[in-house]
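Common to both upcoming complexes is chain A, partnered first by chain B, then by chain C.
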Partner chain A sequence: MTQLVFSFDVSRCSGCMACIVACQDQNDIISEATAFRRVSSLEESNETETDCQLSFLSMSCMHCGDAPCVMVCPAAAITKNEAGVVSVNRDLCIGCHSCELACPFGAPQFAEDGKMAKCDFCHDRVEAGLLPACVRVCSTKALGFGPLDELTENKAKKASTKIIRALLHKDHFEEKN
Partner chain B sequence: MSNGYFILGNGGAATHAIKMIRSAGYKGELHQISDNTGPAFNPMIAPYYLKGITDWDNCFPYGHDFLKEQKVIAHHGDKVMSLDAETSTITTKNGSVFQYEKCLIATGARPVMPPIPGLADSRFALPLREPDTAEKMAKSQGNASKVLVLGASFVGVKLAEVFNKKGISVILADISSQVMPQGAHKQAANYVKQYLEEFGIRLKLECALNGVEDTANGALCRFPDGTTEEVDFIAVSAGIRPNLDFLNPDQVNIDRAICTNQFMQTNRTNLYAAGDVCESFNRLSGSQQWMGTWGNACYQGRVAGLNMANVSTRFAGSVPQHVSPIFSWTYMQIGDALRKGEKVRCEEKGHPFKGPYRITVFDDDVLVGANLINNPKDLIWIKKEINLGLAQ
Partner chain C sequence: MREAEFTQPRPWEDMAPRVGMDTHPIWCNEIGQAQAMHLPSQINSAQPYPLKGLIGFGLNHRMWPGSDVMGDALQKLDFLVDVDLFMTPTAKMCDLVLPACTSFERSEFKMYAERFGIFTEPVIEPLGQSKSDTDIVFELAKRLAPDDDLLSTDYETCIDWMLEPQGIRVRDLRGHQSGCFLENVKAPPYQKYRKNGFPTPSGKMEFTSSRLLAEGYDALPVYTEPKYSPVSTPELAEKYPLVLNTGSRLPMYVHSRTFRLPWIKKLRPESMVDMNPIDGEERGVSNGDTVTVSTSKGSITLIANFTKIVPPGVISIYHNLPGAEVNSIIESDYRDPISGFPGFKSLLCQVVKQMESSN
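Right after this comes the complex of A and B.
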């Protein structure tokens, strides 16, 4: 089975944050601080600052191909299944935060019980043939979901370039939520 | 005598090497020699077991059937006494002699017992590393009212928290002037110290214990200022040391631990090392260094296993890092926050008693290290910026 992925079209995202609300609702997350999905704004200008571009990035767990969180989890609580979904068995999680230290994207979140929780592509919805909640509500169709081999190279390149820029430039990177 | 691939040790590095050797298609004999008698135990989980967060079975994260599934011939309850790299032979405590085609040394590390008079012989001095020591400490904490944690290492601080939460009076002592001296900047360490004291943990820093004497029900600890404390037991958390006594240093290159290249090979043909027993590439310093962490061990084991199975793979190296939840704080360190030098400066932002805190350390204006408390948000760009500095 091929790896399942989110796709994201930077040019379409308006920063409305409906994806966050849908994710919180689906996963019963009360606090924005521990939401599985985040929307960030990225301001970029040219050298003379005559041209400025504002873009938004909606990010959650990337379900990495070789996920570092899976590798470093001392309790083997994090696994990656055949469809490429990285998920956590909260009964095994000891709340050591090793996954948080290893994740390049800040995906692992820690609820009040001290254990890790994260995006699992809305497993129950997908099992029932539905889209993940965040994708379902994205009115501009910036967020998509499906097998990796159906994602166009151009779209992936655009999104990943923007994500890397955002992660590298803390001064230009502001979380909206 | 037996031929085949041999794995010495039974931890994260050994387990990941076995997985990779088999998944890369090696179908020959695969042996494991370990003085443990059960499945791979993770000592990192032990404090969480003592705290009551996880069950005993979960301290063995790869389960009881792993070796059977991987068709590993287990020589458990035995111990490697010598390894002759010239003749590729291993001799064990039980008198067995094996000849290896390829061998991985993943024997891990053992706790350091500081040279304090009476400590090593005390019935009440308990290290925490192996399943039997974890069980012993779990049993001892059940009846304890006062404990000395000897060594304010990451494990020591964690144990102080665990015992405190059980209602036990805790003394945390270290010869160093700060807690977590292996990587915490003194300013961040000072905050952690204040935080521990808020919970009633008594800290004795710059304190070398003068001696230990066993009493009927515990240990009498003598301090340099002439005071004494009688405790139910002493939790020894003064660091770890690689298990490499069975090696001949004239045959295998050893510095602080076994020296390896980026393929996790030693200087000897067909002899590999991974995990807490070896040094590996520190991307920040550009040199080989001993960096004993669970994640590193697993990655190194994976690389060693692939190379043993003739799949050429390099270990990319790592940047030193550590994370530890302490009561309701989360302390993180990445890179080298202890860097010294004329061009070294540090910047602080926030206050851990009021919100997120960070201290960043720069060398010649390049970010080289940071300590964070309750501040996962800054972790992402700090990691990226340290990596960016490495690339320049």
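Right after this comes the complex of A and C.
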């Protein structure tokens, strides 16, 4: 089974929150309800507290391999398909919030009608060969999307290319440093 | 090109002194503009001459230090007009509001460095009664200066007139929707200082400013403490020990341009004051508490947001927070004497936790 996943490079995220706005746009979230993606900040200080390192984390549903929300849903409204996408059938949802309790990432959101709503990897866009809205809009390319094995392979390729380049230009590299 | 004809048709000597010329002459002379931050002072004092009416294009009294003072001053004018995209708080004070259309509803000639020009095409007709702001200017000019041959025409005719020496016509630009290279426009000359020198009193590159020296300032860029700071006003700092920094930028906003979008407003909906946890603990404030931020001018109510982005001793408040306008607690004359720019980043304040009963 393929498993579609988001990838996230924490060193690239600038915390601009364009991913949240794109998510709200794509999913027509116009009410007070929250987008399916959130950005949180992490502040790390050195021992003397004179400096502060700021990082951002953009998170949505992880579409877990063994998704707890699927297991706890008493109405069988949440399913995981052959592409690994965890989605909710809102006609079946009874609004009991069990998924919210089970989810370790706070992914399930509840719209004004009391039923659960969540990230579905922008199913309509992906079907049409497009990237999910949040990935498409990410200007620093911190967010990525694709099958799990491909993303891992690409990352490995990228890292090894860098290492080989550094080795090839070893003299130059050492000179510069 | 002839664009200078539109920016300054008459020399300054033939016109009334610019607003702020008496208090910030260096700014007015160097930049060739009025210092608008001085507007409320001149409206209130009627010195060196009274101001009776004002036409603003996108006028926003809330960007002035002492925004309430500026708002009150504007309402003292006999006649106040604002040309605006939105019915803003300032527009609501006006005798007349002229609705301007957006850039999607009008054409505009834009000239970029490297001699790249573009004449934008509107996507839709202006909505409602709105007009392009340049059309509003021309309609006014037809009534104020009916004998002016050029101003009695329209925007496109004036652009053609400006570009005439270069032999460029708007109708030729229209064919290039993404803009085009204008080969007839002269590139800035290389090393022009060799011929004309630098625009300084000595004509040379000055390591010390003879202009600042002539006005009684240091000729070198020396550090000066802010008007109110723990160092310059220690007695004031006893009551207001924290440095107040305002108007920092959040990544989802471009100035105040996108403030009205509910999608974006939702990203940070609360009116918060960013403060270091150390300062919070000293004041018995917990993260999320309702607090009062006071200066010598006034106070506002906000939610405490603990963050280490601000160092201990400093608090930070963004602008345009619902119900907590930080510019209203800054004195309207809290300005840099040279440039007239407001000291938005350096004044003194205190943070006090609000008692439960007052919520």
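Throughout what follows, the second predicted complex is superposed on the first by the 141 of 177 C-alpha atoms of A that agree within 3 Å, B and C clash if a C-alpha of one lies under 4 Å from a C-alpha of the other, contacts with A are read in each partner's own complex, and residues count from 1 in each chain.
Note that a residue touches a chain if its C-beta (ideal position, glycine included) is under 8 Å from a C-beta of that chain, and two chains touch if they have at least 3 such contacts.
Just so it is clear, the structure is predicted and the values come from calculations on it, not from any experiment.
In the superposition on chain A, A:I30 makes contact with chain C only, while chain B stays out of contact range. Looking at the shared chain after the overlay, A:G95 reaches chain B, while chain C stays out of its contact range. When the two complexes are overlaid on their common chain A, residue A:P104 makes contact with chain B while staying clear of chain C.
When both complexes are overlaid on chain A, the residue A:G114 reaches chain B alone and has no touch with chain C. Judged by the touch definition given at the top, the superposed model places A:L4 against neither chain B nor chain C.
For chain A, the partner touching the most residues, choosing from chain B and chain C, is B.
When the two structures are aligned on the shared chain, A:L131 is found in touch with neither chain B nor chain C.
Using the contact criterion defined above for the overlaid structures, shared-chain residue A:M71 touches chain B, although it does not reach chain C. Residues 251-252, 262-264, 266-267, 278, 307-309, 311-312 of chain C are the ones that touch chain A when the two sit in their complex.
Residues 68, 71-72, 74-76, 92, 94-98, 100-102, 104-106, 110, 114, 167-170, 173, 175 of chain A are the ones that touch chain B when the two sit in their complex. Of all residues in chain A, only 14-18, 20-21, 24-25, 29-30, 32, 34, 43, 45, 49-50, 52, 54 touch chain C in the complex they form.
Listing the residues of chain B that touch chain A in their complex gives 12, 42, 44-45, 48, 53-54, 58, 61-62, 294-295, 298-299, 302, 321-325, 330, 332, 334, 376-381, 383-385, 388.
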